[in-house]
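First chain A sits with chain B, and in the next complex the same chain sits with chain C.
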Partner chain A sequence: MTVQPNDSLLEVKDLQTHFFMAEGVAKAVDSTTFSIGRGKVLGVVGESGCGKSVTARSIMRMVRPPGHTVDGEILYSRADETGQTTSVDLLQLPATGAEMRSIRGGEISMIFQEPRASLSPVHRVGDQITENILLHQPVTPSEAELIAIDMLQQVHIPLAEQRMGAFAHQLSGGMCQRVMIAMALSCHPNLLIADEPTTALDVTTEAQILELMQGLQAELDMAIMFITHDLGVVADMADEVAVMYLGKIVERGAAADIFRDPKHPYTIALLESLPRMDQKRDWLQTIRGVVPDPYSTLNGCPFHPRCADSMPGVCDEIVPQPISLEDGREVRCLLYTEHATQESPQLAEESSHQ
Partner chain B sequence: MREYVLQRVLQLIPTLILISIVSFTIIQLPPGDYVTTYVANLAAAGEEVSEAEIEALEEHYGLNQPGYIQYIKWITNFVQGDMGLSFYWDRPVNRLIGERLMLTMIMSFFTLLFVYAMAIPIGIYSAVRQYSPTDYTFTFIGFIGLATPNFLLALIFMYIGIEFFDADAGGLFSIEYLDAPWSVAKIWDMLKHMWLPVVIVGTSGTAGTIRVMRATTLDELGRPYVETARAKGLREGPMTMKYPVRVALNPILSTIGWQLPQIVSGTVLVALVLNLPTTGPLLWRALMSQDLYLAASMILILSSLTLIGTLISDILLAWVDPRIRYGERGTT
Partner chain C sequence: MPPRKAPNSQRNPAINSNADSYPLLEVNGLKKHFPISAGLFSKVVSHIKAVDGVDFTLQKGETLGLVGESGCGKTTVGRLIMRLYAPTAGDINFRPHGEEGAQYDLATLDNKALRPVRTHLQMIFQDPYTSLNPRKTILDIIGEPLRLNGMSRGSELEDRVVEMLRLVGLRPEYITRYPHAFSGGQRQRIGIARALILNPTLVIADEPVSALDVSVQAQILNLLKFLQRELDLTYLFIAHDLGVVKHISDRVAVMYVGKLVELAEADDLYRKPLHPYTEALLSAVHVAGPAHSQSERIVLEGEVADPSNPPSGCYFHPRCRYAQERCQQETPELRSAAENRYVACHFADELDLAGAGTT
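Our next item is the complex of A and B:
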């Protein structure tokens, strides 16, 4: 444990979570580095299977076999008994040990993609919320019940007291996600990991849930790691954005910067594939090719087979490392290195201003 | 909940009527009746039976009347508690069945208990430790248990009992208690004899239930709500019992209904081999000799037990699973 001077709540360094399958080793998360500031919202974006959810579960220490977090550091800052802020490497804690269990659910909590399936079909929602409260707070069952009712009111569930006795199948998807949020926030976590919380909901409900999350985030001053494949949602919610591709973060920086001026060809392609109101197009732009299967061992940059600006002889040979740009941005692309100069004068010019 | 139970009980009535008709009809389906079988047996033994005697016999047993009249007579008496006369034993069916039925029910109860007590913990363990050596071992033993016929197991156990332990594996009572009135000592003696047939009859059920329990638990372990529970910071063991296992038990509860008839019919051969005073051998003999009222009454009683078993498991299921309880008025 070391004293952490800066204001970051969670620092993930070189995280590697691999799945050891009969077909080979799938590097679901491959040397991923990022940090989340206290009270900030980090949006994690990427296609299906890029490692977003596995990153989240690695932080929660909930990766199930055959998956294993094989390397890296997850430094989490928490107040110790004396009130001093210390940082703990979550990967050094036993995943099912008492300390990790008190962090999980108490200080870092999580909500999921399918709200109804995420609630037990045979337990009342009230019992599921009070269970969490009793686990992490020194309160009596009746006090826990009051806290739970209060939480349900905070997430704008009408008739909260009656809803305590409801079962998941009696509630709509949006209501279930509100219950999940109430449950996750019932112990005032420092960090909420939201794994595509609105993907399964219709657009109107999605907007309501996002608004609710924004309101609660400001109110409770917690950080959110918001995982999504929806760039619109990220633009709405996030302070910072990390774009993931095949287990690696290819670009990260302030949300405004990334949307205004994307650097990585993948981010550029993602933004171009969004439908736009101000341009009439017959076809939506797509990214050519498909995500390679996770067992393949590509040489060079993992994105080069699909990249519009791929430099033959460079991108298929050299593995790009993260490169720091201005404004605390970072990009993992060879176009921003000295390799680009001889190949592509136009891009060299673009990268010269760094 | 009360409406649900009432509704289910009312549904039983037409089913029972249908079963009584079917069981009565099926026994009459083979050509001839008890008297023909009886006369054929006498003729085979070299005895002559005159036409008049046959008619007298048919008259005596009521077999000269059309089938539906026989049925109505039988069923009217049946609901009043009189199940008619057994031709073969020449005794009232009530007295023949009485004790055997009770013993069968006791044995079925213990067999069910044995099946669940063995299969549920093993199934859970196999699922939680999937592909571990223990899981493979139980899977292997389970398949052997499924594949071995019960009567063969009974023979093997009898052989082992007699050869190595000098014990008599047959029967449910020691000789001194055979005709003794019921007492604590007799019950204790019965329990000492009963464990072996219970294990033999329960083996295949246990093996099957392990597979079901393992599969459903594996299914549930991968559900999102398990991840939610884990994300709360619960201990893995209690979490597994409270959430996935709790849900995985539902299909097990709903199989009580069909476990019961399986056990009852499974005991027939075992009961013959082990010489058990249960309903199995009696039913077998009744069917062989076309002993109409005895066979029909027993089939009706056993089917009723099955239906009651199903009813109990349905009620249990509605009790533990709110999705079924509120199925009719699910709100969104």
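Our next item is the complex of A and C:
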């Protein structure tokens, strides 16, 4: 299931986006490395504050001060004029330059969590979609309007032609999210970044939107970076999953493998703490403590104060590096290194769980 | 603090076999219609039927989960019981002093008569960030119900607050801090402490964990269960997350456009729903497990009906895949389908609906 380097659409290497605040430096994204294959769905999961949205905004080059992407590479493969695939480092492009602007919204587009808040309240939705089409495609305004109507039909908005003239407040939350999707897909992007696209929606509407996204993804052969805190949605949508904690990807691998056999203690604990409809448990497993505040400077593994399998003298001193396991899994945990066997051999076994 | 791992105790003893159990709350024909006014003289042109004829009982010591999509009226039901709204019709019979004790009809009591009864009724709110006054210390916030009701003051009040803080798993030294110093989960613990300090009988929890992260959500759910056992509480647990509701509830009621469509014991409802809407809700939930570990997903067409102008007959018929002609004309009543099972569907006996895969 691992993505071969040559067919990866986007490769993020050692991305570091920090926020420089009066309280200190918050390392929202701290050496994050991953890649997304052409036409694949990468699910990024984690709790609030883990850096998943900032990662997305870093790729779009939309991080606002006091946030700055201080280091790393974001290699995006695009076809140049001659049809050759070349790789550009998005971080080397000026964020407001012509090239970045043509990529943003055209080749890489994004949908946001709160559909109503991300649409303009004073412009008709049709105008908002056509604006994006006119920016990125060499078409006339009337052609753009036809494309926009076609997009609205593709996202199953009834009476699309009439809805072109509607304002955001006249549409329900699910409808607004469909408009956002129509806008994001109107230029046939190679990569769609969906940041919690269904979190604000009801379950039945969520099911409609997810089915729609899956259908369009297959049809348009587009890659999706699907950011969510909902492990259930990821299990259903993603080919690959990256689990983030405090700005770092702690585990990455094929979705099926991660849900069948999670390796990192954090992933294990997250899955255990979910109340499930298909199981009956009296008490839920919890993760002790809370996510530390982003300014704290923890030694060693960022998860060690909350980790049930933490090894004293090891986990609080050594910063774990990504370790490749079999089946293409990557995990940042010292339990899978030689430190575990030296200190206490039984721990590694315990943590591998069930 | 609740233990991290499950002690080997039974789930809440069956609802009716509990000798201690009696209907603490009986809600009959509860309605709340909000007027829609328009025009120069704000003439009332129609009504939003937010709650339109809801009946249920709550047994002492049980947890009743109330689920439904946004706008279905579940929060309004909670607020009507709290008498934050005056009901349009119906009665709410409440027996806080035991089976033989006095019974109050919350729907008709005036504000003065409500005051002593209200100490038995408390509410936990959804958003821990907006439900705590940022200018008050934890002592003020948690102690306010005691002070308002003239129950204690001074050092006695402080002792009670410290006791509550310990009970909900917060450190007593936090007592002089302000809400901003706490995380979402800790704030929700403060909200719980405030709700429980008057020693209520019935607690209405309106989406108490939906604003929290999964790991914190699990802590708060465990805490609520632990407190229920310690303090013999009865919960009306309003939520939209079906996994959470299944976990905490003994019985579950499903609401759609102001009416209950199904009410049953949690296990039965999830194993074999009787109403097509319940089936669709269950199938829409994504299970965090290896893919395809669940049955076929039913994607409902269209949107939730407009409560000011609901469809004819069964409100769910335009979205129901089993709808027949009768459903367009006749409104199904909530009726008893089996022991402890109620459903509002004409064809509940004939349909064979899929539940959530129970293993």
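Note that the second predicted complex is superposed on the first by the 339 of 354 C-alpha atoms of A that agree within 3 Å, B and C clash if a C-alpha of one lies under 4 Å from a C-alpha of the other, contacts with A are read in each partner's own complex, and residues count from 1 in each chain.
Note that in this section a residue touches a chain if its C-beta (ideal position, glycine included) is under 8 Å from a C-beta of that chain, and two chains touch if they have at least 3 such contacts.
As the structure is a prediction and not an experimental result, all values here were calculated from the model.
Room for both chain B and chain C is found when the two structures are superposed via chain A, with no clash between them. Using the contact criterion defined above for the overlaid structures, shared-chain residue A:E317 touches neither chain B nor chain C, since it reaches no partner.
In the superposed pair of complexes, A:E47 makes contact with chain C only, with no contact to chain B. Contact with neither chain B nor chain C is seen for A:E73 once the two complexes are overlaid on the shared chain. Applying the stated contact rule after C-alpha superposition, one finds that A:R260 touches chain C and leaves chain B untouched. Within the superposed three-chain model, A:S172 lies in touch with chain B and with chain C [touch as defined at top]. When both complexes are overlaid on chain A, the residue A:A269 reaches chain C alone and has no touch with chain B. Using the contact criterion defined above for the overlaid structures, shared-chain residue A:A117 touches chain B, although it does not reach chain C.
Using the contact criterion defined above for the overlaid structures, shared-chain residue A:D278 touches chain C, although it does not reach chain B.
In the superposed three-chain model, the partner touching more residues of chain A is C, compared with the other of chain B and chain C.
Figure note: vertex chain A, arms to chain B and chain C, all at CA centres after fitting on chain A; angle 70 degrees, rounded to a multiple of 10. Closest contact between chain B and chain C, by C-alpha atoms in the overlaid model: 7 Å. Comparing the two complexes, residues 172 of chain A contact chain B in one case and chain C in the other.
Chain B contributes residues 223-225, 227-236, 243, 246-247, 250, 320-323, 326, 330-332 to its touches with chain A in the complex. If you check the complex, the residues on chain A that touch chain C are 47-48, 172, 174-175, 202-208, 210-211, 229-236, 255-256, 259-260, 269-271, 273-288, 290-291.
Considering their complex, residues 60, 62, 96, 100-106, 109-110, 112-114, 117-123, 128, 131-132, 135-136, 167, 169-172, 180, 183-184 of chain A touch chain B. Partner chain A is touched in their complex by these residues of chain C: 2-7, 9, 11, 69-70, 183, 185-186, 213-219, 221-222, 225, 240-244, 246-248, 267, 270, 280-291, 293, 297-300, 303-304, 356-359.
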